[in-house]
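The structure appears right after this line, and notes come after that.
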Amino acid sequence: MFLSASDIQSIFLTLRLAALVTAILYFLGIPMAWWLARSRSRWRGPINAVVALPLVLPPSVLGFYLLLTMGPHGPVGKLTEALGLGLLPFTFPGLVVASVFYSLPFMVQPVQNAFAAMGERPLEAAATLGASPLDAFFTVALPLARPGLLTAGIMTFAHTIGEFGVVLMIGGNLPGVSRVVSVQIYDHVEALEYAQAHRLAAVMLIFSFVVLMILQRWRPKNGQGGA
Amino acid sequence: MEEIAARFALTYPGFNLDVDLHLPGRGITALFGHSGSGKTTLLRLIAGLARTENGRLTFRGQVWQDEDTWLPTHRRPLGYVFQDANLLEHLSVAGNLQYGAKRSCGRQVNLDAAIELLGIGHLLERKPAQLSGGEGQRVAIARALSTAPSLLLMDEPLASLDLTRKQEILPYLERLHRELAIPVLYVSHAPDEVARLADHLVVMAEGRVVADGPLAETLARTDLPVRLGEEAGVVVEAVIVERDSSWQLLRLGFGAENILWCRDSGQLLGSRVRVRVLARDVAISLSRPQDSSVQNLLAGRIEAIANDEHPGLALIRVQVGKTPFLSRLTRRAVDTLALKVEREVWVQVKTVALLDQT
Amino acid sequence: GQARAEKITVAAAADLKFAMNEIVAAYKKSNPTDEVDVVYGSSGKFHTQIQQGAPYDLYFSADIAYPRELAKAGFSAFEVKPYALGRIVLWSATLDATKMTLANLTDPKISRIAIANPKHAPYGKRAQEAFIASGLWEKVEPKLVYGENIAHTAQFVQTGNAQAGIIALSLALNPELSGKGGYWLIPDKLHAPLEQGFIITKRAAGNPLAKRFAEYMGSQAARALMVKYGFVLPGEK
Amino acid sequence: MEEIAARFALTYPGFNLDVDLHLPGRGITALFGHSGSGKTTLLRLIAGLARTENGRLTFRGQVWQDEDTWLPTHRRPLGYVFQDANLLEHLSVAGNLQYGAKRSCGRQVNLDAAIELLGIGHLLERKPAQLSGGEGQRVAIARALSTAPSLLLMDEPLASLDLTRKQEILPYLERLHRELAIPVLYVSHAPDEVARLADHLVVMAEGRVVADGPLAETLARTDLPVRLGEEAGVVVEAVIVERDSSWQLLRLGFGAENILWCRDSGQLLGSRVRVRVLARDVAISLSRPQDSSVQNLLAGRIEAIANDEHPGLALIRVQVGKTPFLSRLTRRAVDTLALKVEREVWVQVKTVALLDQT
Amino acid sequence: MFLSASDIQSIFLTLRLAALVTAILYFLGIPMAWWLARSRSRWRGPINAVVALPLVLPPSVLGFYLLLTMGPHGPVGKLTEALGLGLLPFTFPGLVVASVFYSLPFMVQPVQNAFAAMGERPLEAAATLGASPLDAFFTVALPLARPGLLTAGIMTFAHTIGEFGVVLMIGGNLPGVSRVVSVQIYDHVEALEYAQAHRLAAVMLIFSFVVLMILQRWRPKNGQGGA
């Protein structure tokens, strides 16, 4: 067989993770980006900086700290246990939480730029047409931010697929739970199973290429001159 | 009558706006003033797009802004035509129009009529980037109407339109304001637009209101027409008393027995109309002229002789019955004819522009 | 409920991969209903993860120090059991390492030598000890490059980026590597014994399957497989 | 004389541009036409901002575009005033002006004069976002001049300016084009601007050129003024023969012995000027009028009587010496006075607008 | 002492690497972004997709492939040897090359969006003012793309600091050559030297926070309404 059963399992796990993380980050990151792009609060600067900080730590070190925080003695771990949710590490939800945290800047930064670039004027037009700020956000700001949203989604999705430092640490490499493709390829390489590693990497690259090509269609064409 | 009361003070570097305005609750109020005099700024304050401390704004008794109140723009029932069209780039023309229509809170608008009149029916599928300057402006006008507003704010809506287009759109706007009975604040640089459309005139200079009153009154003030340049003149209310079908002319009666002839534009006999008579179109003679192509002759008496913008010119106010007319003459003509206040003269009106039915 | 558990997860050091895969296969042949998942990785990472409640039932470390520390901290159900002694070899993909000794590494033609990072990888530590014991450390140190772990070290050599390296015997026997070059077994007197040990974690204390599998590791069949893959068993020489 | 030759064909959905134009190499050419008639598109093609296959464009004998040649925009020595100002948002006003000046290849420009005249001196430190609509437009004009261009393309440069401003800027543009002796292509909807500024008139409709010729000729065509609406009229070349300082008037002589009076704007005695006489300002009488405030009386002969845009109106062409005048009269007046071709009449000109020195 | 000498060495090495990679990527990525934002070539879509592909592979796997390619038997390795440059793995230039490759999407995507968002109009204005395309690129496009350039720089810089999978794989963990901070922290964690790991991580986080806060100043303020 071309790919082993466990390879295929890891592919579906990865897609589920990446899709979920991207979806969650759209929910979390877009409001954050909106606030960061428009607020005049003095917290804007610091928060802007904090968002990019997860990038600075090596993934497996970040994973280590997340493990400590979400473990039984960590604050998050105590909280989730108190809430009856159990502990997050070594579970799929734990992976999702960690990836969301780590990929946050990939979502926030491009969307923030897109919001900032459109300026106030389209929102003013929407307001005079009776659109509430929330309404205008959905019907004007989001559509106009499409290139930024697309970039953010691509970066988040691709990065979640490729990231494994955090995942390995938090997830524990459990089949069906946290053995995502990146971990699987890594395992193959570590075990010197190069043929399998090449195959799986090739599948991921081709698949991702196709997905990225399809996503290109959402990228608006260049402005066409016009009057 | 006073249904919009606005008091604002705002400072930009090198510019102070300080207005305290009371505007009628219906009819078109023209905002007239030099470039940079604060017209757009005032409109933005009224729309709630800009905000000042200590501003106060009431509309039909409802407070839109004071110390405690701030009604955000989208809750103010207004339509706004931006100085640049400011269309939503991601929507087609139709999408832009529907955007407002969908949010009109059930108020009905006949958008089809607006679309047809503004000549944008063939553009509905286009994106704003594919429109010419004037096309964009026309779409912006239709869009402002799409919300069925209670107050229409128009920032030079016709600036990039040609005369023919303007002449198609102006009557529509006139009709609209009569039919909808909503007040319109209309920024314009074009005195002919102002004279034609406005019921009320506000003249701004350097962030302040320098004149403010009903159109006819304000236009007939001999201290003001200076700002209107070639367009100084008066507006006369009259009744259509006769139709001359063979010559396509209408006879207009005003005051006790005075008449004016003007081109027939299809108005009903007996209806009340407004006509505009420009000072430059009014000549004066001491005796009744003979054999002249000028058909509108009125007997009147000189009320005032004032300076005009050019030292060689004078503005003469002649009372014809109860109606004042302005005439712009050279100072030399005033001298040659020995014109003086109280003197009885003949007024020759070369052209009369029918404005609208009232 | 733990008696009814039909599945265990084994965390095993990466160098065990081939041996352990066969052992599990053999075990399953005799116990077809038992399910055994094996996770391979770095011993250090497993050590951290078990402290944070990772769901591993058995933990086979490449360095007995890790399980000992866990046992001391109370994460182990029983005491630490040594299961093998690791051996290190000098290996090259381009040169014939069978004819080499550590001393040959001073040859200026050899510009890069790969060992695992002695700071945290047990095989790397033993490699360092061997160099020091042979009095070569000062001479070879400038040529050293450090792999994250023993597999990574092998890759440095295999891709030709390093001309020689010190890796685990178990790895040198791997079909992927044994085809190329050859190896020279480094005498075990040159370094401290690389004792490898495993524990049954506390969470599997009442799990009969975990216990059964641990016992199977001591069986003749398992021991034979361990030897086949280059491990020296405790109590044998 | 023909120094710009342009041939372009271009298709947008629902719009075809097809022009073959030959324009004079100096003076102002007005591009006049309805909204959407293709004026901006033509300007963009000439500037090289848009490109068509098989287009051909030569400027002063130099090929800018043909099958083998394509001179990119930045190599064409032109200045462009965009329909919206299109200022560079990241630069201050001064930065925008310097941007062009720095790239003018050593050609000299007196930007200070432009800045003062356009009244933008106090705005130099501002960012474009802090300008009013008209202020932006004025900066755009100054910026287009900053490159010391050999061809000036202006897309409605005065659309958002008020009359007073326009009256300040127009003479400046006139002077500029005289002094620099560069051709200007000037898109405008305002007939008064066109009449005042243009030497040459191109009328466009639906992507095609429907009229094209020297201004005076084109304006005097009785088949065309329809498009000019109230602004139909003629342009007369005259010489200042007398200054009446007491009345601040100038006496203009044209033809053999004809004179016109107009306001004194400080021109030199003896200089040649252009004056505009609108058809609406011209009355006709059969006998010489007495006692009238209208001082400009000329004897002439009717040359043609044509239909005007309104069926109740007629356009009469009266030849005064060698100069044609247009008069707009009601059909009834034509009938009452029994006006006919060849008939000798008196022409009464109420207002004469001095355009510029030639 | 608070930080060991080798910690401090790794910090300076990291800053050198991150600064160099960011600088090189500004050189390489901006023209690429420009082309991608404006070209109408049919290669635009595929190349757009390819740029994001390095993200999809786990860093250490990517590192493995780079090790193969840049090794003595790989095409890049043969090339560099033929050019007399020697082999890239285990050298600082090798690290730079690998990081440049891996961080490419972080540079290209935000800049591309910024270029696309500004449209043709400012460039048209510049052209009518006599600016050649190159001139307009530097004097108009780049200044207008400032928020995108800033984001791209931040993401690239932070990511290069934090990335260690690729670095570890091809760097050989050599002090002063490839033992960057991320690797150093990782080593501390792996060696269970948690106190040292915490200290070094904290230093990096605080330092990065300060740098990011300073960079915020370059982010333009919100548009101020205007006419």
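The chains carry the letters A, B, C, D and E, assigned in the order they are written, with residues numbered from 1 in each.
Note that in this section a contact is a pair of C-beta atoms (placed from the backbone, for glycine too) under 8 Å apart; a residue touches a chain by one contact, two chains touch by 3 or more.
Nothing here was measured: the structure is a model prediction, and the numbers come from that model.
**Q** Going by the contact rule set out at the top, which chains touch both subunit A and subunit C?
**A** Chains that touch both subunit A and subunit C, as defined above, are E.
**Q** Applying the touch definition from the top, give me the chains sitting in contact with each of subunit A and subunit D.
**A** B, E
**Q** Which chain maximises the distance between its CA centroid and that of subunit A?
**A** For subunit A, the chain whose C-alpha mean is farthest off is D.
**Q** Given the two chain pairs D-E and C-E, which is bridged by the higher number of C-beta pairs in contact?
**A** The greater number of contacts lies at D-E.
**Q** What whole-Å value do you get for the distance between subunit D and subunit E if each is reduced to the mean of its CA atoms?
**A** 56
**Q** What's the distance between the Cα centroids of subunit C and subunit E, rounded to whole Å?
**A** The mean C-alpha positions of subunit C and subunit E differ by 36 Å.
**Q** Can you check how far apart subunit B and subunit D are, centre to centre, with Cα atoms defining each centre and the answer in Å?
**A** Distance between chain centres, rounded to whole Å: 26 Å.
**Q** Distance-wise, how many Å sit between the C-alpha centres of subunit B and subunit C, to the nearest whole number?
**A** Computed value for the inter-centroid distance: 91 Å.
**Q** If I count partner chains per residue in subunit D, which residues reach a count of at least 2?
**A** 40-41, 49, 83, 130, 132-133, 135, in rising order.
**Q** Check each residue of subunit A and list the ones that touch at least two other chains.
**A** Where subunit A meets two or more other chains at a single residue, that happens at 64, 121, 189, 223, 225, 227.
**Q** Touching two or more other chains, which residues of subunit C qualify?
**A** 45, 48, 152, 155
**Q** Provide the residue numbers of subunit A that touch subunit E in the complex, in ascending order.
**A** Those residues of subunit A that touch subunit E are 37-38, 40, 45-46, 48-50, 52-62, 64-65, 105-106, 109-110, 112-114, 116-121, 147-148, 151, 154-155, 158-159, 161-165, 182-183, 185-186, 189, 197, 201, 204-205, 208-209, 212-213, 216, 219-220, 222-223, 225.
**Q** For the complex, give me every residue of subunit C touching subunit A.
**A** 9, 14, 17-18, 37, 39-41, 45, 48-49, 51-56, 149, 151-152, 154-155, 158, 171, 174, 176-177
**Q** Spell out the residues on subunit B that touch subunit D in their complex, using ranges where they run on.
**A** Counting only subunit B, the residues touching subunit D are 12, 14, 32-36, 40-41, 83-84, 122, 130, 132-135, 137-138, 155-156, 159-165, 167, 189-192, 227-231, 244, 247-249, 261, 263-264, 280-281, 283-287, 289-295, 310-313, 327-337, 339, 348, 350-351.
**Q** Show me the residue ranges of subunit A that touch subunit C in the complex, using the header's touch definition.
**A** Contacts found on subunit A: 64, 67-68, 71-72, 87, 89-90, 168-169, 172-175, 187, 189-194.
**Q** Enumerate the contact residues on subunit D facing subunit E in the complex.
**A** Contacts found on subunit D: 47-49, 72-74, 77-80, 82, 86-91, 99-100, 103-105, 128-133, 135-136, 143-144, 146-147.
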